[in-house]
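Heads up, the next two complexes both have chain A, just with different partners, chain B and then chain C.
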Partner chain A sequence: MKTFTRIAVAATLGAVMGTTAMAEGLYTPNLAYRTGPFAATGIPLMNGQADYMSMLNARDGGIGGVMIDFDECETGYSTEKGVECYEKTKGKAIVTQPWSTGITLQVLPKSNVDEIPILAPGYGFSPMADGKVFQWAFNTPLSYWDGASIILKYLEEQGDLSGKKIAFLHLDHPFGKEPLPYLEKKAEAQGFELVPIPVGLKEMQNQSAQWLQIRRERPDYVIMWGWGAMNAGAITEAVKTKFPMENMLGVWWAGHDADLKIVGEDGKGYKSVSWSFPNPDAPVMADVKQHVIDAGKSQTNEEEMQGVFYSRGLVISAILAEGIAVAQEHAGKAEISPADLRWGLENLNFTEERLEELGMTGMVPPFSTSCSNHTGHSGGWILEWDGSKFVKASDLIMPDSEVISELETASAQEYADANAPWPVNEDCEM
Partner chain B sequence: MLYRTAGQFKTSYKADQALFPVRQDAFLLAVILAFAWVIFPLMASEFAFQTLLIPILIYALAALGLNILTGYAGQLSLGTAAFMGVGAYACYKMVTLMPWLNPVVAILFSGVFSAGVGVAFGIPSLRIKGFYLAIATLAAQFFLVWLFEKWGWLYNYNASGAIQVPNLEMFGVYVAGPQASSTVQYYVVLVIVTLLTLLCINLTRGNLGRTWKATRDMDIAAELIGINLMRSKLTAFAVSSYVVGVAGALFVFMWRGAAEPNLFDIPLSFRILFIAIIGGLGSILGNYLGAILIVGLPVVLNTLPEALGIPISSATVEHLNIMIVGSLIIFFLIIEPHGLARLWALIREKLIIWPFPH
Partner chain C sequence: MLNDIFIKPFVDMFSAPDFLLQVLWEGLVSGILYALIALGFVLIFRSSRIFNFAQGIMVVFAALTLVGLHAMGVPAWICVLLTLAVMFGLAVTIERVVLRPLVGQPDIILFMATIGITLFLIGLGEIIFGGENKVMITEELGIPTDSVVFEPWGGLLILEQKDITAVVVAALLVVALLAFLNKTRMGRAIRALGDDHQAALSVGISLQQIWVLVWFIAGIIALVTGIAWGARAGVSFALEVIAYKALPVLMLGGLESITGAIVGGLMIGMLEKLFEIYWGQPLLGGNTETWFAFVLALIVLLFRPQGLFGERIIERV
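Take a look at the complex of A and B:
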């Protein structure tokens, strides 16, 4: 018994010391969801993110000579678990990647106190773009309002919107309601009729009531703000009710290959706005394949790697890695602090040249951030489902920044007032 | 041995009916209270406060409220989360409409609103019983969550439809909102939970508690011996909803910091019902034991592999966690169907007569 105890203690001690040795480097936890109702859409994103960091570690020995300790904390997309993960990781973390609008809303007010940057690429709260107010939050490269604006601009190219009827099918959740203020404003200005149709969390898989309403209303277009099981539900229902697919457009989270594969050819013409696009010939894909996939360090598979979501995961990690690199250069040291990383994320400059250096040409539009602009407003493409995969259906479309920035400033101010005392960045003079 | 009651003589009815007829019970409680009031706050990390101490207390309080209704008065309710929501939204409206209001007063007062709503939805209990009543409370659950979503005034027409807790001060210290420290929030929760627990213990031991138990055990017999069923059932709904409403206000204001309507949906109701059932219906202690098992244990299990240095992915831990907690629930319910509180009572009884088996 005594020997056994001794062995057990030795093993535990060794293991604990082993982990501390392993944990050296920059700790960038990801609040992942590989379990729960949203796992199907989460897994390719998480794999892409993890693989990019593993690739950097294997190819370059990390960033600036420091290994990246990319760790996942499982949330199952539950806000409660998300907060648990946030509390668990915030001691060492240089960044928080909350991965759900609910968790973002929960963590956002604490950002000024804990002083850890929140990186929420393409999700979260649209007014986070106002970097003076939301000093610690980043939603690069596009906010939901930008996404809505790009969709409207694309539709305008197809013909004048005045007098048209647009149904807005959305998840009845903070995420789904995000673009409403912008869409309402535009509906008034451009003279189209907006019909918001909420889908409750419990009705995601059975949307017959919503589609009955769509059939009755006969909208010219359906804009969909869906996530997880809602997308597949809406797309199959649209096919069933014979809604013309080319008039249905989704947000970037509603452009998941697996959701469309269920309907295959029948889904032809469905569109989704996106700020990322898979480029199988990009050098970065070859590097990931060589250093991560072939080395057996990944959980992904060949089919998943072709998809939009996996490559979006790569882009998200590339944004973080670039932020770290910029911060290291500015701080003059490799072991950066959360505050350094904030500077890095505020000074991103993804030019065409830089994207080429990173081997990511065509995978994300060029954009740059500043202390007052935490989004970058890169613009996006409209992707179209051709029956077996997503293809680009438009050139880069830029969002309508005038109306959006007005809305952003007003909403950010409202948020700051409601949460007073809320420190703003006084040094930022842009 | 430790629980020997030899030599503790009761010479009056008062002593015999006291809260702690056995001295060791009082001693044990004193130790637990010392831990809760002094030792935990001194030792706990931010993580322990936010994921263990505060949520366990709040969930235990919510389960306590439900236990009054279901365990003591025998009225099955599936609408606990909705009543918590009423408390949370009432508190939110009060602090945003009247920013000068003391936050603790607002939290305690928000229970009054949920008590009112609870009584309104409790009226059907005068005619329907058992599972049929459960369906009526289910209606409250769906209706109230729908109301939280649709009634913009409740969340001050916020675009995201969620409520955000503002920074609230009391005597120059932040007690709620992002600026508040976990220690302060813990103490606020602890004070309120202690007070309400004390209140509930005494209520259930007194006249009202006895009428509830009579109603629960056989309502026709209770009516025949002169108990006013309407009064008994509605007071149970009122007291229960009050406690649940305060727990809801604490849930959002002292812990979560923000809430969207679907937070108060049926999964939360079930979670609290499970805490009450596994802890033990008709007991006060059980709510705490149940909350420790359902809320606290998964958090501890989640941190174990990392603390032991076992390299295992976070998603696998989550799967294992669900399996372990699930089998523990089944295990406890098989060895003692009346819940953890009954299990403790049996252990205590055995200790008192130790070393004799009977």
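Take a look at the complex of A and C:
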């Protein structure tokens, strides 16, 4: 009886505390990966995300007068743990931030049932751009196909790609394979040879075989789709094999300051496409410093704050915060539902003026979304490692929207057919 | 197809012998590092019949301690000594807190305990040092970082000086270890425990002392391995997964054989590289290193269940 009473009291307390937590604000969980082999990439991103939300809570009292309950569920970048985190948080979450293409693919079908938006900025499944098919998924402001397209456009600026050989060094994981359909299509159309070179999860720190293949194949360029420990492994091997660094370009997750610091000057010339860029003079940075860093509410440090990934974390949370603000205005209430947030994320309009209002000028290119366009296709910059930090090496380059749009529609339809019956937003005009 | 399997790879090898040498060198470097990790497993297994699942995380923990101390302004060689002291403290703690209370329990319980040690060290390491990738203090330790370039047969062979150092240091460590095990009283005590627990205890060999000693030696091996791998691609928790490459080495060489760990490591390092470059990449799309070593070890186990150098156990019923 005594035990039963204890259980009943605990259950009642739990229920009360749960209700209190719900009333505390808008619950926006982040499926973080601060541990495991990918932690080096994850930590600055997660810090940036958390700090931006903490800054809004401290400076503005949240968004629209309601506090943001920003919580992390640790996945270690494991798909299984990510799905567990999704199930654990979905009860009161207004958004899911899955933080891995593998987890995104797993929760994608669930989003139609649970009706919670998936926000995957700069990652996930590229056809998610088709909002008519993927009603609940958003990969603003650029998809992986956009990223691959921007890299190819940049390379074309350096010279005709016809007859050239491009090695595609990628993590042997859904994330790494994601741009392959686009690259294969472009290789056929533009007449360059694509050599895919997979890197297994256990081989990330020992890529000598992959780089021996690169030495044998003698590619003109290496495009790297790396994440976490793979980046440092690839860059050190590139230096070791004396591959010309100026001919090596990575996706935005392979443009992390800490990875390049391992090789320092030897990495000079390495490039990475990016849809975000640090602006230490931006007003938002001063606000984060004042309200979060100096207040001792952050896990970051001065050095990390200057980096590309921390800045990107801030931008990612700003996208979510803007979606919430737009949704609140549209719904006419502060306590919005996941469905309201979906509307907000479908009506983002990051103009230059809005970015200035947010104090984020130059930190992300302008972009807007709609019910049919869940990506925004903002365009990106090519960043170059100068031996100590990343600097901009190009103006804003827009992706090849004609080819990508065609591929997105076809792939989205293929996905919907393979997962039939798949609900489609018939009200949305393409 | 038959041409691609049986003829072309060998033609490629002989038409570009400099490249073949480079492949063999890279395999040798990987192999010697696999062998070092396997040695840590073997030492502990020989003396206590414990399959130490924590060997991989010990590599990470030792390397993180080294670079963490240096980041606090401690001179490099003092960091090495302090890291050794930390690894000794870890050995004493593991023996006192984890192993001693479990004496006499089935092997599987002790194996599970080492999984617990792994999870604890992951958490402790992340709390103390954070999960970021860190730069190994290669130059501060006096390890040369340039390359030596040869042009055999008019080709190109690049040897990294830090890889050469890793091979030399690993070889010296193995020689020292063999001398210790064969020529010293404590070394013979470790071997005696491995041969017959009860008999060793009956002649006064202290189980506790030997366990502390072998875990400390495994800690030294972990530090050397951590420096060598860390110098290649930085120090992060991703290093832990490399320890799984020691599993097929143990299957191949035998769980109890030091010679087996060394020969098995070198065989796997070189064969997986040769297979990947000449068969895996052209015929199977690459990334065969993730499974090749396991398949090779399984084939060996079909014919020699005790591994190439393991002891054949005959139980009469």
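Operating definition for what follows: the second predicted complex is superposed on the first by the 407 of 430 C-alpha atoms of A that agree within 3 Å, B and C clash if a C-alpha of one lies under 4 Å from a C-alpha of the other, contacts with A are read in each partner's own complex, and residues count from 1 in each chain.
Rule of thumb we're sticking to: contacts are C-beta pairs under 8 Å (C-beta built on N, C-alpha and C of every residue); 3 or more make two chains touch, one makes a residue touch a chain.
Just so you know, these numbers come straight off a predicted model, no measurement behind them.
Undergrad: Would you check which partner chain A:Ala418 touches, where first means chain B only, second means chain C only, and both and neither mean what they say?
TA: first
Undergrad: Return first, second, both or neither, reflecting whether A:Val391 touches chain B, chain C, both chains, or no partner chain.
TA: In the superposed model, A:Val391 contacts neither chain B nor chain C.
Undergrad: In the overlay, answer first, second, both or neither for which of chain B and chain C A:Leu201 touches.
TA: A:Leu201 contacts both chain B and chain C.
Undergrad: Between chain B and chain C, whom does A:Ala286 touch in the aligned arrangement: first, second, both, or neither?
TA: Touch status of A:Ala286: no partner.
Undergrad: May I ask you to decide whether A:Ala189 touches chain B, chain C, both, or neither, giving the answer as first, second, both or neither?
TA: neither
Undergrad: In the overlaid three-chain picture, which partner chain does A:Gly228 touch, first (chain B) or second (chain C), both, or neither?
TA: second
Undergrad: Pick one for A:Asp172: touches chain B only (first), chain C only (second), both, or neither.
TA: both
Undergrad: Quick check on the superposed pair: does A:Arg215 touch chain B, chain C, both, or neither? Answer first, second, both or neither.
TA: So A:Arg215 only meets chain C here.
Undergrad: Between chain B (first) and chain C (second), which, if any, makes contact with A:Ala410: first, second, both or neither?
TA: Touch status of A:Ala410: no partner.
Undergrad: Which positions of chain A sit in both the chain B and the chain C interface?
TA: Looking at chain A, the two contact sets intersect at 34-35, 172, 201-202.
Undergrad: For the complex, which residues does chain B have touching chain A?
TA: Listed in rising order, the residues of chain B that touch chain A are 46-47, 50-51, 149, 159-162, 164-167, 177-179, 256-258, 260, 262-263, 265, 299, 302-303, 306-311, 313-315, 317-319.
Undergrad: Please output the residues of chain A touching chain C within their complex, sorted ascending.
TA: Against chain C, chain A makes touches at 34-40, 42-43, 172, 196-210, 212-213, 215-216, 228-229, 232-233, 236-237, 240-242, 258-259, 261-262.
Undergrad: For chain C, which residues count as touching chain A in their complex?
TA: The contact residues of chain C facing chain A are 16, 19, 22-23, 26, 29-30, 122, 126, 130-133, 135, 147, 158, 160, 229, 232-234, 236-242, 244-245, 272-273, 276-277, 281, 285-287, 289-290.
Undergrad: For chain A, which residues are in contact with chain B within the complex?
TA: Those residues of chain A that touch chain B are 12, 14-19, 32, 34-35, 71-74, 76, 79-80, 83-84, 87-88, 90-91, 101-102, 105-106, 109-110, 112-113, 125, 172-174, 177-178, 180-181, 201-202, 411, 415, 418-421.
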